[in-house]
Amino acid sequence: MNAATLFGLCGAALVGIGLYGLITNPEPLRKILAFNLLGSGVFLLFGIIARRAAAAGLGGDPVPQAMVITAIVVAFAATAMAIALVQRLGDETGQASISSDSSETGEEKS
Amino acid sequence: MSIASVFDVALVALILTIGASAILVRTAFAAVVMFVVYGLLLSMAWVRLHAVDVALTEAAIGGGMTGLLLLGAVARSRSVNVDSVRVGYPLRLAAGALCALVAAGLAVAIFYPPAPVPTLAPMVMENLPPSGLGNPVAGVLFVFRALDTLLEKVVLLLALLGVWSLAPDHAWGGTPGLQVYARPDPTLIFLAQLLPPVGIVFGIYMCWVGAKDPGGAFQGGTVLAAMWLLVIVAGLQKAPAIGRLWLRVLLVTGPVLFLAIGLAGWVFADAFLAYPAGYAKPLIVAVEAALTLSIAVALGMLAAGPPVRAQQQ
Amino acid sequence: MPSLLLGASVFVLLTVALGLFAILRRSADVDRLMAVQLLGTGGVAILLLLAVATETPSVMDVAVMLALFAAFAAVAFVRDASGASSEVRGE
Amino acid sequence: MSLVMDILTICAVSAGALFFLAGTVGLLRFPDTLTRLHALTKVDNLGLGLIVLGLLPQTSSVLFAVKLVFVWLLVQLSGAVVTQLIAGAVRHHGADG
Amino acid sequence: MPAATALEATTADGALLVRAIILPVVGILLSFVLGGRYAERIAAFLLPAGLCVACIVFLKIWQSETSLSYIVGNWKPPLGITLRADGLSVAMMVAMAIVICLIGVFAHANFDSRVASVETRAPMVFWVMLMAISGAMNMIFFGGDLFTLYVALELLTFAAVPLVCLDGRAETLQAALRYLLFALLGSILYLVGTALLYGSYGTLDIVLMSQRVQIEPATLAAATLMTVGLFAKTALFPLHLWLPPAHAGAPAAASAVLSAVVVKGSFFLVVRLWFDAMPGLLSVAASQFIGVLGASAIICGNIVALRQKRLKLLIAYSTVAQIGYLFLMFPLAADPLHLQYGDVLTGGMLQAISHATAKAAMFMAAGLVYAALGHDQISELGGIARALPMTMFAFGLGGLCLIGLPPTGGFLAKWLLLEATIATEQWWWAIVIVAGGLLTSAYVFIVLSRAMGPPSAPLILRAAVPKYQEVAALGLALLSVLLGLVALGPIDVLQVGRPEAPMAWLR
């Protein structure tokens, strides 16, 4: 098994892990994190496809590499928007139930 | 097994473990820390895949900026703790099975590559010389698939407007809610005074070197954005109000220049987004320089979040 | 020489991994932060070794990138800690 | 000449790698946060420093060497500041942070 | 290189396609610099200009009966990107441009950017996002490259999500978050597919792909993942959970855009994928499965709609059902024995277009009702038909189109689909279509009868409704009715650029 295939399997596994987190984690923030994990697995797939197609003295096919760069920036923008949404939602709902959550903050750190 | 493959196996094992624990670990803070570590590991994987351009982007955006965003979010969501009702066991099992199926399908798909692996690398190298660029990835981004790159800048602007749209009405045009230090911390101020000059030089270097070596507008822009955020967080400078004209102008400078050069190509090179022969390299470098600034501002403002305070007149 | 450098990078990766697991097992946030710092430094070392071993100077830029961003996790964390103890400016 | 250089490289890189191991063991074994932090700084300073020192003779150009030293300095700076920040946080909130 | 690439070149009027994409981009950039107070004026200029371009492209293609293409930067695929416009794309493009323009007219009342002396939030966001949606849709219709289409898809997502939570209430924020997560999952699945396809064929260009594509594991995995991702974005039945809260919670003009325009983008990509990029790859079993999903959407969506108490939620669930019809074209078009291909595609596209016009009209009407009454409880609609006759007339006409009564566009679409079920001997889909129509007529009738009934208490209108808003809604409703008449005219345009028959069956 060569390096490209190894990382490819890693990417496939990461897609599975990220998808699992996205489905099962109820917390929005954790969902966003899982989405990023899933995304990076997909990017790795692009990476091994590029690596596999190394030719013409290049270490990899530059076309998928360029696509990954574009996709990483888009994923970051998506993350920023999702986090802003989560926080605004927290602000809106948090004002209604400030009393109930103060007891839980200490517990979480232990 | 060569030493290199030992390294690869160890790296993959580490990535998978850290990735899985980022999903499974109990507290959100631990998960985010895992994710930051994961981002660092991933940029090593990209180096091993001979994709240094991507490694740079991943180190800067995937690990650095996304980590910063998530850490900030975790910090704020602690005071408003979300009650984490776990999904039921049967559902988790079903989800696990589904995800395993997807992963297995992908694994099968990549395990059997097509017999002659199709590649555009020779075609890229053949057509790269007229543009004067030495970095094939930059060639793809700014010459062959320039339309994608241009549209992606618009995506960035829309995402920023989307983030801003989450502001309360009265705060529109005001300053973002990026959390800054309550007390000036001398250590942090020291860092915020010393690191940015270095970072800015490196960011400019990234942008400049991108024409011939790995690097470019994205990577350079991200470094600049990070330095800007550091200065703001340390309290040395205030985050700008989103209504500021200079901010808006900086945001669109890159895309506008890109679009203008693309339209000029219509006149001088008879195709939209074509570069006139002999002028390709200076034009691309100009576009990259302008984009670096615009990306820096856009990423920085994206990370800073929606405005929360009305601007003091 | 390249194989020796590669071997060293494997060694560093394994030690860092070891340290990482140990630290991440502890539940204190500060320890987790140290894990990030440890991996940041280890990652820089590994990338430098790789850069020289494979003679690709551009890999060194990745190391610079990691070094630049390594401090950010700590900055974000301490911002949180000080924000929790006292009033955050402006709110 | 190159043999001397190679020996220097081997010694320094091995020593650096050992410091990584030592630092990790320290992180594992030391009892409290501040001493573990101390172990961490050893990795930053000496581990990376020795590796950089060992790599210097192998570099092909001056720019390469300058970059190596630059990276080391950068890690020194951020490492020092980060440990300061962490230590400060520990002092404020106790080891649980 | 295959022969087709050598032949392909920028056609005479190909530059129009670039114009259609650049116009909105220019508008967005200008709005950022000039500020939100000018955003509406910029949109008021650029959206009609976009409509003009769309009409010109439509006429060119209709008359010449050939597709247009433009090679961006003179770099031919597989290296570069080609924009292509065929019959399907221009028909959709014109329809969407008209709908967006009329929504713009309607939205003037709610998002007038000139009333305040400084830039305000909602108008700035709305107008920029409206322009972005029109640009993204054009990009989706013309994009000849699967990765460009990914970027366009993300453009559409980022433009659509903020519209959901423009009012900033907690429940719309929740809806927007859910929508965003679904949409992101959808686009990432789509992206996996593009990665695998590139790995197999070394190109993402749709025409080149259609020449190289073969049935093999990687391709099937890619196609499945992409389709599921696009289903999530289109809100096809089991993945529809995000749609009703998002579409019902948004402001009326935004609901109209989301329901009429945005979901059609990802639907169009499914069509592109299966009928252009991978012609003939769709197996009978898979197409029947998609059909079952569509049928479930029709039945479940309609039944749930029937039980809604709020008008906007009813309309949103009816969108879920109407989306189901779109996917009935897959089992009908993939039938290997009878090549009903062209007519079925025409039927599907007509359904998309007539749903766009009718649904936009209905959401606008619901918005006007809400503005007038201060609520949209169906049980308390009594007397509204007398107070807002034009609005309720528009709602009724839109309803007729959804039910599929002649001479509406909905009738023509459903008729073509029904005809195909008979021709391909798949009678079970015919039952679904007819049952769906009956259920739809039930809830349209309930709403109308309530509205025409006497008020329980004396009706007090909270606000006067501007006439032009009613006219915009009515205009769209009339369009959905008149769409049935295209059978006499330009319906052939949908066939331009279609291959004679799906190729893979002949292989």
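As written, the chain order gives the labels A, B, C, D and E, with residue 1 at the start of each chain.
Assume a contact is a pair of C-beta atoms (placed from the backbone, for glycine too) under 8 Å apart; a residue touches a chain by one contact, two chains touch by 3 or more.
All figures in this text were calculated on a predicted structure; none of them were measured in a lab.
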{"item": "Chain-contact steps, minimal, separating chain D from chain C", "value": "1"}
{"item": "Far-end chain from chain B, centres as C-alpha averages", "value": "E"}
{"item": "Whole-Å gap separating chain B and chain D, where each centre is the average of the chain's CA atoms", "value": "28"}
{"item": "Separation of chain D from chain E, taking each centre as the mean of its C-alpha atoms, in whole Å", "value": "57"}
{"item": "Distance from chain B to chain A - Cα centre to Cα centre, in angstrom", "value": "12"}
{"item": "Chain B residues counted as touching two or more neighbouring chains", "value": "4, 29, 48, 72, 74, 78-79, 102, 106, 110, 113, 117-120, 124, 144-145, 148, 152, 155, 159, 162, 166, 185, 188, 191, 195, 198"}
{"item": "For chain D, residues contacting two or more additional chains", "value": "74, 78, 81, 85, 88, 96-97"}
{"item": "Residues of chain E whose C-beta touches two or more other chains", "value": "79, 147, 151, 154, 158, 161, 165, 168, 173, 192, 196, 199, 202"}
{"item": "Sites on chain B touched by chain D in the complex", "value": "185, 187-188, 190-191, 194-195, 198"}
{"item": "For the chain D and chain B complex, residues of the former touching the latter", "value": "74, 77-78, 81, 84-85, 88"}
{"item": "Parts of chain B lying in touch with chain E, wherever the complex brings them together", "value": "102, 105-106, 108-110, 112-114, 117-120, 123-124, 127, 143-148, 150-152, 154-155, 157-159, 161-162, 164-169, 172-173, 243, 245, 248-249, 251-252, 255-256, 259, 263, 265-266, 269-275"}
{"item": "Complex interface listing, chain A residues touching chain B", "value": "3-21, 23-30, 32-34, 36-37, 40, 43-45, 47-63, 65-70, 72-74, 76-81, 83-88, 90-91, 93-94, 98, 101, 104-105, 108"}
{"item": "In the complex, chain A residues that touch chain E", "value": "15, 22, 28, 31-32, 35, 38-39, 42, 45-46, 49, 52-53, 63-64, 67, 70-71, 74, 77-78, 81-82, 85-86, 88-89, 92-93"}
